[in-house]
Amino acid sequence: MPLAAAADVAQQVVSGLASGGVYALLALALVIIHRSTGVINFAQGEMATLSTYIAWTLTANHGWSYWPAFAVTLALSFGGGVAVHRLVIRPVERGSVLRIVIVTIGLLIAINGFVVWQWSGEPQQLESPFGTETFTVGGVAVARHDVGAIGVALAMVLLLWALFQLTKLGLALRAAAVNPEEARLVGVRVTWMLALGWGLAAGLGAVAGMLTAPTVGLDPQMMQAILIYAFAAAVLGGIDSPFGAVAGGLLLGVLLNLLGYVSRYEPFAWFTEELRLPAALLIILVVLLVRPVGLFGRREAHRV
Amino acid sequence: MKTLLELDDVRARYGPVQALHGVSLTVREGEVVAVLGANGAGKTTTLRAISGTVSRSGTVELDGRPLRPVPEEVARAGVAHVPEGRGTFVELTVTENLRLGAYVRRDRQVKADIRRIQGYFPWLAERGAQRAGTLSGGEQQMLALARALMSRPRLLLLDEPSLGLAPLVVREFYRIVRELNEREGLTVLLVEQDARIALAVSARAYVLEAGRVALAGTSEELRGNESVRRSYLGY
Amino acid sequence: MSPRTARRAGVAAFVGLALLVYALPAFIGDFKAQQYAYVAIYLIALLGLNILTGYTGQISLGHGAFMAIGGYTTAILMAGNEQFGGSIGGGIKDVWTLPAAALAAGLVGLAFGLPALRLSGLYLALATFAVAVALPSALKRFETFSGGGSGINLFGLPELTGSIANVELLGRSLTFNDWLYYLCWTLALAAFALAWLLLRGRTGRAFRAVRDSEVAALASGISLARYKTLAFGISAAYAGLAGGLYAIANTFVNPDTFPIALSIFLLVGVVVGGLGGLSGLVVGAVFVYFLPLWAQGQDLGALLPDAVVQGFEVGGYRFKGTSAPGGPALVYGAVLILVMFLVPDGVSGLFRRAGRRLLAGRRRPSGA
């Protein structure tokens, strides 16, 4: 019994890491945007959905093969993110919090509407480039897609880390995020840096969407629940901590999967599938009330 | 000596409040010029008007060419502004601060320059990986100066570097500024509340009052000036 | 403009609105009466949210949840549920459940206001968003209390006024929709007047002080905790009242009656209407209710050219109109963004600026 259970748990952990990887990518996008522009982008999920539809239409309607479509979608999403910042966010960035919230909500509504308008609300199928087979490793059944997803997510995170920590551009991005006024004094074009941040975030969202669609199916509402999980991950890890976002995402993915697994056993049977989302929401509430900076965030002195 | 910086009838405002009512001054290449005045006289605003961090009208010319009030462009033109409060990137490391100082440069000698700058501030080498926010006030001021030097500026703007620092530290700071000016010909425009040390370091000075230039002359003249002595030197 | 003139103008506008409201049903059809009844319901909720967000500056993306509390309170009091083993006291008439709906929501709001004190700006928005998203799932889960996924049905109940037979009121026979219209608008006007009275007094000044500068308010001796919590409670009570009316108007409640979209639209309505002002909220309520319909070519949208609404063909490529699925949402979002660009302080702000300009022009000829 114990060995079978251990294999089961390992399985849940692996698939939890895969879904957690998606949460991590979207959470990272949210954190990058929040750190640099102080905005919580409620439209992040819809932007990811739009990107995924672009990838889908390239492969399904125009006969492209997967990886070229992936690359082009990434590039388009990046450009789209930059454009959104310059055209829609920049004009209201300095205004009241409420105004920015409404603008991102307007984006959410408009993009969701656009997706339905352009491609209809019918569910579509986006094939995974990793195939649908499962293989067994040491008695644990593992889906190829899950492994691929974890790999892609990890690669994106590492690439981003390298960009931020090892390059001059990354240094400028970080400087623009924490100290825009001083950054301008050394010649950093801060506005473009912020736009770049939005571009990177949009790219991360695109990858998250493309990794999600093969498993849950592509439809306009696809990323709505994922956005909530991403919020939970970002809040849990620390809304200004990129490391926290990734750690939070992986943690959340594994935790929710384990909770689901444990619900097979009597004392925990009340944790039904429907409670996954409210569980994430509860995490958001509890963390915000108890430790708003999250697990890895730093407590900032409150400027009065 | 040719003129490096020229301000002509510069006005600046913060929203509805007019801070500069037409300031004109010149800085010649290789000079150290001081701007003095009481709180609120417009000293900091003058520097901000040059670097473009406040909206202004009037002309600012660097090397005979007009300078637009856009900080990113001003930095690229070779003006390094060390703002009030140091302006160090407290969340980044010491070395990262220095690298940022060289942001506008496209040559390959940045690493060599870091070593050169560390010659003036030896402790920078040892504390390279330390977060700038954990440095003391004096060290942050030195770091801010080092960072400004990394861009190999033609003109250095210093905004009240002595603020909040112990007198010994201030003296050391200005000793280095003096050395940079004498050894490398660095042109400096500094704003100070501490008139005594400012007049000791500079060759010429302007005194601002209520957003206008009230007095101008060589530092020696101003030191002997009756009203300057009473208002700013305390005797 | 002197405060007294402003007040007189306000009262005149209010009376004008009231006259318009009571006269209108004679000229509009049954369906329109129902639509305008919903506008009144939104107005009540917006009045409440305005107190919270416009006056004390606390952002709530979860007021739909307070409406849900009010709505379910009304439904349960009218029809009962499994938990109570049938109806309560034989079922309570719809109108009399409304104070309870407001009270229940108000109490929850007060309870909410306390932890909310620890959150500011974006974080409060996120937290209230989380509550509103979680609510439908929670309602589905607690079946015996809420009736689960199928909710509670009110149509045909004797407690529901006017649903089966017409309502006899003041010697006239009203259809359900007309009755609904009068009920909702009477309560909306009363709520409006109440809000106005509340906000021009000491409480209103305290609210504004909290919004403009918490530090200054504290220094003036205003208890932040008390006023912020109070604002939450009052705004929740308003939303609860609106929710109860919503349940009556829909003649049922279920978890999908109060989705997160409702909370979002309420916040949109307050911002578009204009924070801190009351006059623009009527426009905000109209905006929230009618814009999706207009985009589909209904109501005023019939004035839009057919090509825009139904779409057209250009060189073999078909451009779908705004009435196609997703079109109204696209229009809604785009208009929302535009409004935030062009009229950031909402319709109330527009009114204020227009009023100032009107009276500045008038003052000059009369001299000093």
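Letters are used for the chains, namely A, B and C, taken in the order the chains are written, and counting of residues starts over at 1 for each.
Rule of thumb we're sticking to: contacts are C-beta pairs under 8 Å (C-beta built on N, C-alpha and C of every residue); 3 or more make two chains touch, one makes a residue touch a chain.
Small disclaimer: the values here were computed from a predicted structure and weren't measured.
Averaging the CA coordinates per chain and comparing them to the mean over all protein CA atoms picks out A as nearest.
The busiest chain interface, judged by C-beta pairs in contact, is A-C. The mean-CA centres of chain A and chain B are about 44 angstrom from one another, to the nearest whole unit. Centres computed as Cα averages put chain B at a distance of 56 Å from chain C.
Computed from the mean C-alpha positions, the centre of chain A lies at a distance of 33 Å from the centre of chain C.
Those residues of chain A that touch chain B in the complex are listed here as 168, 171-172, 174-175, 178-179, 181-190. If you check the complex, the residues on chain B that touch chain A are 51, 53, 71-72, 75-76, 80-81, 83, 87-92, 96, 99-101, 103-104, 147, 151. Every residue of chain C that touches chain A in the complex is listed here, in rising order: 53, 59, 61, 115, 118-119, 121-123, 125-127, 129-131, 133-134, 137-138, 140-141, 215, 264, 267-268, 271, 275, 320, 324-334, 336-337, 340-341, 344. Those residues of chain A that touch chain C in the complex are listed here as 40, 42, 88, 91-92, 95-99, 101-103, 105-118, 120-121, 220, 228, 231, 235, 274-275, 277-278, 281-282, 284-285, 288-289, 292, 304.
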